[in-house]
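Next, two complexes with subunit A in common: one pairs it with subunit B, the other with subunit C.
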Partner chain A sequence: MTIQINRKICLLGMYATGKTSLIRRYVHNIFDEKYLSTIGVNVSQKLLPPLETSNNKIVQFNFLIWDIEGIDRNNKLQKNYYAGSSGAIVVGDLTRKESFEVINGLLSDFSTICPEALIVLAGNKKDLLIENTDHPQRLKELAAQKKADYLLTSAKTGENVDELFLLLAHKIKDKL
Partner chain B sequence: MIIPKFVNTAFSDHLIGYALLDNVFRITEHNRNFIKFLNLHDNVREKQLVEIMPEAIGLEQILQEMLDNERSIFTLPQVNRFLKDQQIAYYNITFYTTSLTDTPVFVIIYDITEETRLKQQLTQQKYEIELLEGQSFLQGRTLPNSLLGNSEPIRKIRDMVQHVAQIPKATIFLNGESGTGKSLVARLIHNGNAISTRPFVEINCAAIPETLLEAELFGYEKGAFTNAFTSKPGLLEEADGGTLFLDEIGDLPLKLQVKLLSFIESRSFRRLGSTKELQVNIKLISASNRNIIEMIKKNEFREDLFYRLNVVNINLPPLRDTGQDIITIARNFIGMFNIDFKKNVQKLSANAEQKLLNYHWPGNVRELRNVIERAMIFASGSEITSQDIHLYHLSPNEENATIEKILNIPPEGIAFEEIERKLLDSALEMANGNQSKAARLLHLSRDAFRYRLEKYHVI
Partner chain C sequence: MPAEQANQIADPLKNLQQIILSDIENRIGQLEIAHKKLGQQLNNKDEIISTLSPVLTDLLQIKIRDSRDEIANALSPVMSKAIKKQIHDSKEEVIDALYPIIGRMISKAIAEALKGLVNSINDNINNKYNLKIWLQRLKAKIFGVNVGELIIAEQAPFAIREVFLIAKDSGLLISHYSKNISGTNDAHIIAAMLTAIKSFVQDAFAKEQTGELYEIEYSDQTIRIEPGLYAYLAVVYKGVAPFGLNEQLTQIQERIHTRYSRFLRDYQGENSRLTKIDTLFAEFSGKYDKERE
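== the complex of A and B ==
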C-alpha cells in the first residue's frame, strides 16, 4: 500500500539564480529566458513517483514547493516562510560567484528555524558554465562544509532538474 | 455569525478576506473575498484550512502554538496567486488568536496587489542593472581583447594598459572624446589580467552637485552638516586597496581640486567634520573629454593638480581615426546583439561597411553601438544593408547649412522664447540629462544654463 505524504520544501538563494525556473522546469516542464523576479512567495505542488523506504514501505510525496524571493536578510517576516519545511534546495548561479557567498548566511537563518530539515545545494545555469571557472569548486567546498549533497543543474536544458528534487526526496524519505 | 455585518461590509470594501477557524482548523465562517482571493468557487465552510490553502500545509505546529496561546499572530507576507491572465496577485495572510473558545483562530487575507506590482517593477529593475553590471565585469575576463581593434593607436593603448595594470599605486589620466571607452579602459587597468576582487569605485564628477561631491569623495562624520545624521565613509575609503576612477574630472569644482591635490600629495585626508587623518592606498585614474590645457589657460583647472593626475597619459583616439577597427567593432556588436535579440545576422553589406567607414562618428564607440543596435532591430535577413544604418549626425558642413536654415525666420514669424526653450530641451536630451554637459553644448556657463531652465520651467 502506498502512503501519500505532504512535505513542504523551500527553494532559497540569491536573486536570479534560477529558483523559479527550476521549479517551472520540474513541475510544468517549461523554461522562459525572460526574467521576472519573484516578490514574496509562490507555492506549487508536485506529486513525486512512489519511493521505497528501508523497511519496504512505499511512500509517495506530494511536495509543496515554496519559491521564495531572492533573499533579503533584513526582511524579518521572510523567515516565516521557512516554518514547517522538511527540506530546502539552495541555489547558486554558476556564472556569478557572489551568489555562492550568500549561501552560508542563508543556511544559518534557515537552519535556526528548521534544524531538522535536509539540504541539497544546486549550482544552476550549467549550460553557461565556462570551463575552468572556480565556482563549482566553491560549491563543492560549501557542500562538504555543510555535509550536504550538490548537483550542477540547468533549468534551461533540464539537465539534473528531476534528479535534484528526487535527491532531496530520497533524503527526506530516509529520515522518515 | 460572529463577525457583525458592518465589519463584513468594511472588510469587503477594503479588499480584505477573512475566515474563522475552529479547534481542528476547519473554516466556520468566511466572507466572499476569502474565497475569491483563494481562487475557490463555492462556500468552503466545514472544509479544512489545508484543503483550500496549500500555504497552510506545514504550518500545523505554528497553528497549534496559537491554540496553546504560545503565539498570538503569524504572517505570511506577499503570497503569490496566478490569475487567469497569468498576472500575479499578491496577498498578506495573517493568523490571529481570538480568545473565543469555538473559533480560536481568525485568518485575514489582505490584497496588496497594486503596491506589490510596483515594488516588483522596482526590484526587477534593480536586479537587472546589477546583473548587467556583473556581466560587464565578467567580460573583463576575456581581457585584453575587450578593447577591440588592430589599428596602431589601439594596439598602443593595449600595451599601455597591460603595463600600468601591474603598477599598484599608479596615477593615470585618460583623455579622449566622449564615447571612446574611457570607463572601459579604466576597468581594464584595474583588472589587469584577471578579474580583480579589489574595489573599483567610479564617480562622474559632472553628474553630482558640488555640495554632495565633496561629501561623497571624502566622507563625513555625524553632525558635519545639517543632514549628516550618521557618519559615512567616502569613496576614497571605499576604494582603499583598489582603484578610484574620477570621470569628467574637468568638472571638478576648483575648491575640490585643491582638496584632491592635497590628497594626492600626502595620500591622506580627513572626513568632513573630522580631525582624524586617514590614509588609503589606491590607484587613481581620472578622465576627461574636455581640453584640460585650455581650461588651465582660462584658470578653470589647476595646473599643479593636472600634472599630478597626468603622470601616465593615455590618449584614446576618436573612432574615425581607427580605420578598419570600425568594422571589427561593429561586427563584435552584431554578435552581441544577435544573442540579445535572438537574431542571426551574419554580415554587413559592402555598402553598409562603406557607410560606416565614411562617417565621422562624433559619438564614437557609444554611437556605433547605438547605430548597430538600431540596424539590428530593423534588419530582416542575415545581412545589414546600408538602408538599415541610420546615422544621427550630419557631417560638419551639412551641420552649418542647417543652422542657416534654422535661423531663417518663417514669414509668419516665430517666438524667440520658443526657440530658446527648444534648444534647452534638445541640449538636455543630447547630454542625457547632464546639465553641465548640456550647458557646454550651448556654450553657456552652468549658472546661465540653470537660470534659463528655471525661467522656462524646463525642470
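== the complex of A and C ==
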C-alpha cells in the first residue's frame, strides 16, 4: 500500500535566479519567464513518483512548493513563510556570482526556523553557463560547507529539474 | 496620273477621314479619363467611402427589411465582442444608459425577496404553538438577541461549502470536506495560500496589535477561520451565517484538538488516519442543511 505524505518545501534564492521558472518547468512542464508575485510567496503542488523506504514501505510525496520572494534577512514575513518546512532548494544563478554570496545568510535563517529540514542547492541557468567560469566551483564549495547535495540545472532546457526535486524527496524519505 | 492631280483627289479623302474619326477619338479620350478617374476612386479609401456612404444606409435598411435572418447571422459573431469593447471603452455612458432599467429590476427583485421574508416570518411568529418558534425564543435569550433578528438571520440563505483543517505552521492540509463530490482540486494549494495570507495579515498589522485573521469575504462567500493550537479550521460558506455558528466552530475545534492533540502536534503530512474528522465535518455541514429544509 502506498502512503501519501504531504510535505512543505521552500524554494529560496536571490531575485532572478530562475526559481519560478524551475517550478513552472517542474510542475507544469513549461518554461515561462514571467514572474508571478502576490504576497511574496507563490505555492505550487507536485505529486512525486512513489519511492521505497529502507523498511520496504512505499511512500509518495505530495510536495507543496513555496516559492519565496526576497532575500531581506530583516524581513520577518519572509521568515514566517519558512515555518513547518521539511526541506529547501536554494537556487543560485550560474551567470551571476553575487547570487551565491547570499546563500549562506538565507540558509542560516532557514535552518534556525527549520533545524530538521533538508537542503539541496541548485546552480540554475546551466544553458547560459560561460566556459571557464568558477561559479560551479563556488556552488560545489558551498554545498560541501553546508553538507548539502547540489545539481546544475536549466529551467529553460529542463536539464536536471526533475532530478533536483527527486533528490530532495529521496533525502526526506531516507529520514522517515 | 501626274502627282499634283493625285494629291487633289487624296485631300478630300483625308478630310472625310478626319471628319469621321475625330468624334471617335474625342469619345475614346473621354472614356480614358473616366477610366482613370474610376481607377483612382477604387484605390482611394476616402473616395470609396464618399461614393458609397450616401447609399449605404438605404442599402442596409433594404437588406434588413428583406433578409433579417441573413443579417442577424452575419453580425452575431461580432456583436458580443463589439458590446464588450463598447462597455470597456465607455463604462460611464453604458452605466448611465442601463441604470434606469437595472435599477428598476433590482428594486423589484428586492421587493419580492422582502415580501417572501416577511410572509415567512409572519407564518413563524403567528404560530404560537409552533415548537420551533419557542426554541428560537429560547435561542434568542441565550445569545442575547432579539427574536426577530434571530428569525431573520435563520430565514436568510446559508450553506457550508467546504471545511479545511490546516496545520498552523506549515499550512499543510490535514483534512478537507467539500459539499461538491468532486471537491476542490486545489485544496492543498488553497490551504497553503490561506496560511500565507494569514501570515501576511498578521505581519502587516503586528506593529499595531497582535491578533488573528478571523474572516475573509469574497462576493457572497465567506471564509471563517477558527484558530487552534496546532491547526486552524477554515469554513467556506455562502449566505448569512446563523447565530451560534462561531460558537459551534469553536466547539468543533476544541473537540478535534482534544481528541487528536498528539497527532496534530507531531503532524508530518500523513492524513490517512484522519477519516473521522472528515465525517465530523460532513455531519456539521449536514446539520445546517437540515435546519434550512
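Note that the second predicted complex is superposed on the first by the 169 of 176 C-alpha atoms of A that agree within 3 Å, B and C clash if a C-alpha of one lies under 4 Å from a C-alpha of the other, contacts with A are read in each partner's own complex, and residues count from 1 in each chain.
Just so it is clear, a residue touches a chain if its C-beta (ideal position, glycine included) is under 8 Å from a C-beta of that chain, and two chains touch if they have at least 3 such contacts.
Please read all numbers here as calculations on a predicted model, not as lab measurements.
In the three-chain model built by superposing on subunit A, subunit B clashes with subunit C. Of the two partner chains placed by the overlay, only subunit B lies in contact with A:Arg96; subunit C stays clear of it.
By the document's definition of touching, neither partner reaches A:Leu106: not subunit B, not subunit C.
Comparing subunit B with subunit C, more residues of subunit A are touched by B.
By the touch criterion defined above, A:Leu129 lies against neither subunit B nor subunit C after alignment on the C-alpha atoms of chain A. After overlaying the two complexes on the shared chain, residue contacts for A:Ser85 are found with subunit B and with subunit C alike.
In the superposed model, A:Ile3 lies in contact with subunit C only, and not with subunit B. Of the two partner chains, neither subunit B nor subunit C is touched by A:Val27. Subunit A residues 6, 8, 39-41, 43, 45, 64, 77, 80-81, 83-86 lie at the interface with subunit B in one structure and with subunit C in the other. Residues 167-173, 186, 188-189, 192-193, 196-197, 199-200, 202-203, 206, 268-272 of subunit C are the ones that touch subunit A when the two sit in their complex.
Remark: subunit B residues 50, 54-55, 57-62, 74-80, 82, 88, 90, 116, 119-120, 123-124, 127-128, 131, 134, 138, 141 touch subunit A in the complex.
By the touch rule above, subunit A contacts subunit C in their complex via residues 3-8, 39-41, 43-45, 62, 64, 66, 76-77, 80-81, 83-86. Only residues 6, 8, 15-16, 35-43, 45, 64, 69-70, 77-78, 80-81, 83-86, 95-96, 98, 130 of subunit A touch subunit B when the two sit together in their complex.
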